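What follows is subunit A paired twice: with subunit B in the first complex and subunit C in the second.
Coming up: the complex of A and B.
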């Protein structure tokens, strides 16, 4: 499934807004970005499963036109593009948004055409499904890590390097005590990461093909005819 | 600037795809340029490793072909895009000077993944003239749309730092589990060996490989210590 890269899920949502409304919403987004109003993003921060997310509002004249041969876009609406990277399933993400920051969502999609409001959930789900666009290729530098792993790993590294320099010349008994304090400090950050059961269906297919190729190679090496070759490899 | 959050940068590029189709090949139907671009993207999913794993400082990225926008039903007006677009969305580490960081990132993309870049953008309007990293940077910037809001729910460190952190988290979690109940001198000696093996300040390795999907192939170390210093296997998998 190309929307998934290990623990990360890629969501793409493209929704229309009246052009004059889009101009107003851009001002609203600008206001949200100002430090004095940064509290309005606090709800997003509580959704700790998000790696990175962005909104972009594109007016009809702002679609890139690189050449005279390319027809000019003639659109009635401006479009809001939303791209998010998060951990968990589609339903978990959409429901979390709806439950945790309904007013924030209503602000971020303020008067988008057809926006049903974040609550109740069912119309909101339908709106997202209707306007979602599929990803064709998705890459994560750390498919085995959730956003919380990346954040906790930063804390582990900082605490570990500080501990190492602090305890360099300590007596054994004092070291043991400091070590136990370190574990106490990091207890919420220590965990072993692992692949999700199926990183992605495409990846599972690749692994299956490699397994079949390896088996076929073993059989050829032993002088027997291969039983069945993985079809996709030969294409 | 709305394209960045700290030292993280959100690149959003809409690259128009030419109208028309590739000439039909014997035994294969003609494919529109947009469909062919989508085929190429889907082929990337069949490879053991994404070509974007070679591009420095890519946290996450995605490609898709946008053929059209959704109609919201009566009484909304019907919109139809007049071109398809190759959409490239990347979350990357750009550093404090973000626009300079974006330029470096795109140059790195050209340097480390040029064949992929050339094939994916081959059918895009105006890409015919792109034959160098400078030209590629200019091209993507012409296709870039500005974000209205970029949210960083993760960290904004260089990717090498993030990967080293993840490696250390994994290794230290295992160390803590395996050394439960050990005392004083024994614990201290084991921790010393742990530091020697994991080299926390050395970003070149041992560390996690970008894009690694399994623990068996996650750890890389281009400069492994001598064998006598490696009292514990460097593999992360247990």
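Coming up: the complex of A and C.
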């Protein structure tokens, strides 16, 4: 399923909330982004599997319509949109949230309709499953990179660029010292990067079939590549 | 019914003994593991009903107990295929966990059982999972005790031969591959059983402590879950919730774990993973010899950094040098000896207390003063498989509880080494460990640890690096191992970390399966054909 791309998993959660309650949540979303309250997000930041997380309130009138001809929906509730990209499986992510930052989750969702609380876990799982919107299309430019890998790569690149210019004319002994210091500074960023462990048996099976189909397709296409260029979409 | 924080009383007479007791700690240093196929449900149920009367329970032995310690123990576990052959209704079968129903072989891609760990390399008996239905584990204080218990099992197998067959196909050290059982026993040094495994490490030190186990309350030190207090003290630890390890009790998420129906079928039972793991002793020794000459601390220090413990068991985060680890081991031995030499009375109690205090140092620690890994590397085996609260990465109070990402990933480890090392430079031959992991949820506990913490490193911010010792290292196109590990230096000291590369796979899977360990009541229900979830 397109929920997965490379090492990343996309989750969209849309949960109903009374309109007057949504106003409180909007204030809350603003408040926790203020530096003085940012400690409340430390748990999220420490959960280094997370690439990105965003909360927003969508008012009943704010839902996009593809076209004027699409009838307007009459919605009773406002909706809280939670959008996140993370590394690992759905269960790993949802479980980590539930055990690590249940009070934070309760704070962000307790005004939502049907919120069961982050603990116990089984009702929480069911709530997330019930309100999750499957991703239709998902693309990762760096399929081998987890968010930790991206952060490490950035640190390594920055440190190495500065090291290269700094040590250009160094004597051998001084260079060795500087190099060892560089390694020491970067010691937490030197792990190897490779494809993701499989997220699920089902996903691995789909990936394998797609790979086989692609190979079979390559063999077939090699004889009639020009026909493909003609745009088979029109047929 | 239990509420979080409240004490739990277990019905120990209904729980199989291998769940609560690590037999090898009670001098049961020999074991025999036997597999059975059931071809007829009625005979199979008779077999199970008869076994149920002989199964060793968790009832306490010795002082203050009516139970005598037996010469041998006997425990029974069933596979999904076995439960079906025994006639469990479909409505019950569907309530077991999906990973248990799939079985270990089917979950191989998650466990990393590839290449030399692949099923085609397994002992013949493990290659036909649809025929594996019942596992009987026998532990004994002597070889004679094992033989007696085995004779009992053979006898009742004969009685139910119309529909029960002992499966052959275990390999043995003589090169046969059609043995009717897997033998295992503690490695003996000078004729005495030891807690060593074939790489030379002391094994089985850390095991989870949960509410109601009946173990000595002091064992919560290092065995429970970390609090925000000092991990070297009693206040630094709390017992884990029972439901992490036993079905029918509240777990760490303050709910009853998902369990088979009817409730009596699941309650007091649990799931068990059995893995026969071959150890490439020659490769391991050669790697230590070669890289140990380059590593500043030498070969033993390198071995300690891999495991997170010196080979004598002393945690490397607490005892950073070999000399300190040695001194500690000697102190420990002396304290142990002193108990035996002190006459009964207050003096002996004092000696016991002194020993307990030393003994706690094996487990009562965390990594809060060692976050960058200059003592115990972040990727060391024991730090990966039990991070002891270090996944908060020093951000105190980032999570509601410090052990949040650890507490639901714990497993009870059981098992013993098998075979013997004839030539320490040789990988081939029969030597390894029969590893058993018990827990209420195979996916969340064992499989997660195996896939995410052993064969991957992102949770530790270690990319795709694997566990140095048990990780499923691959092979480069040049035929070298592709395993890597960073051994961190003191940050800011200007010393470089030590980078290990070219690690081959030191441990390979040779078989295994997922089992359900029913309570005595459940065994009787199954044996009498009375399971009905309606």
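Here, the second predicted complex is superposed on the first by the 191 of 235 C-alpha atoms of A that agree within 3 Å, B and C clash if a C-alpha of one lies under 4 Å from a C-alpha of the other, contacts with A are read in each partner's own complex, and residues count from 1 in each chain.
Keep in mind that, in the parts below, a contact is a pair of C-beta atoms (placed from the backbone, for glycine too) under 8 Å apart; a residue touches a chain by one contact, two chains touch by 3 or more.
Note that the structure is predicted; figures quoted are calculated from it, not measured.
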item: Subunit B versus subunit C as contact partner of A:70, first or second or both or neither; value: first
item: First, second, both or neither for A:91, with subunit B first and subunit C second; value: second
item: Partner chain in contact with A:61 - subunit B first, subunit C second, else both or neither; value: neither
item: Residue contacts with subunit A in the superposition, subunit B compared against subunit C; value: B
item: First, second, both or neither for A:99, with subunit B first and subunit C second; value: second
item: Contacts of A:183 with subunit B and subunit C, given as first, second, both or neither; value: both
item: First (subunit B), second (subunit C), both or neither touched by A:119; value: second
item: Partner chain(s) touched by A:162 [first = subunit B, second = subunit C, both, neither]; value: neither
item: Touching partner for A:42 - first (subunit B), second (subunit C), both, neither; value: second
item: Shared contact residues on subunit A - subunit B and subunit C; value: 45, 48-49, 149, 152, 179, 183, 190-195
item: Partner subunit A, residues of subunit B touching it in the complex; value: 2, 5, 8, 10, 12-16, 18-19, 38, 41-42, 44-48, 50, 52-53, 58-66, 69-70, 72-73, 76-79, 81-83, 85, 87, 89, 91, 125-126, 142-155, 157, 159, 161-166, 168-170, 172-174, 176-177, 183-185, 187-188, 191, 195, 200-201, 208, 210-215, 218
item: In the complex, subunit C residues that touch subunit A; value: 102, 106-107, 109-110, 112, 252-255, 258, 372, 378, 392-393, 395, 397-401, 404-405, 407-408, 443-444, 448, 451-452, 455-459, 461-465, 484, 486, 488-489, 491-497, 499
item: Complex contact set, residues of subunit A against subunit C; value: 7, 42-43, 45-46, 48-49, 87-88, 91-92, 95-96, 98-103, 119-122, 146, 148-149, 152, 177, 179-181, 183-184, 187-188, 190-195, 197-198, 201, 204
item: Subunit B-touching residues of subunit A, taken from the complex the two chains share; value: 2, 5-6, 8, 10, 12, 14-16, 25-26, 29-30, 32-33, 41, 44-45, 47-58, 62-67, 69-77, 79, 81, 83, 85, 108, 113-114, 130-131, 133-145, 147, 149-154, 156-157, 160-161, 164, 170, 172-173, 175-176, 179, 183, 186, 189-195, 199-200, 202-203, 205-206, 210, 232
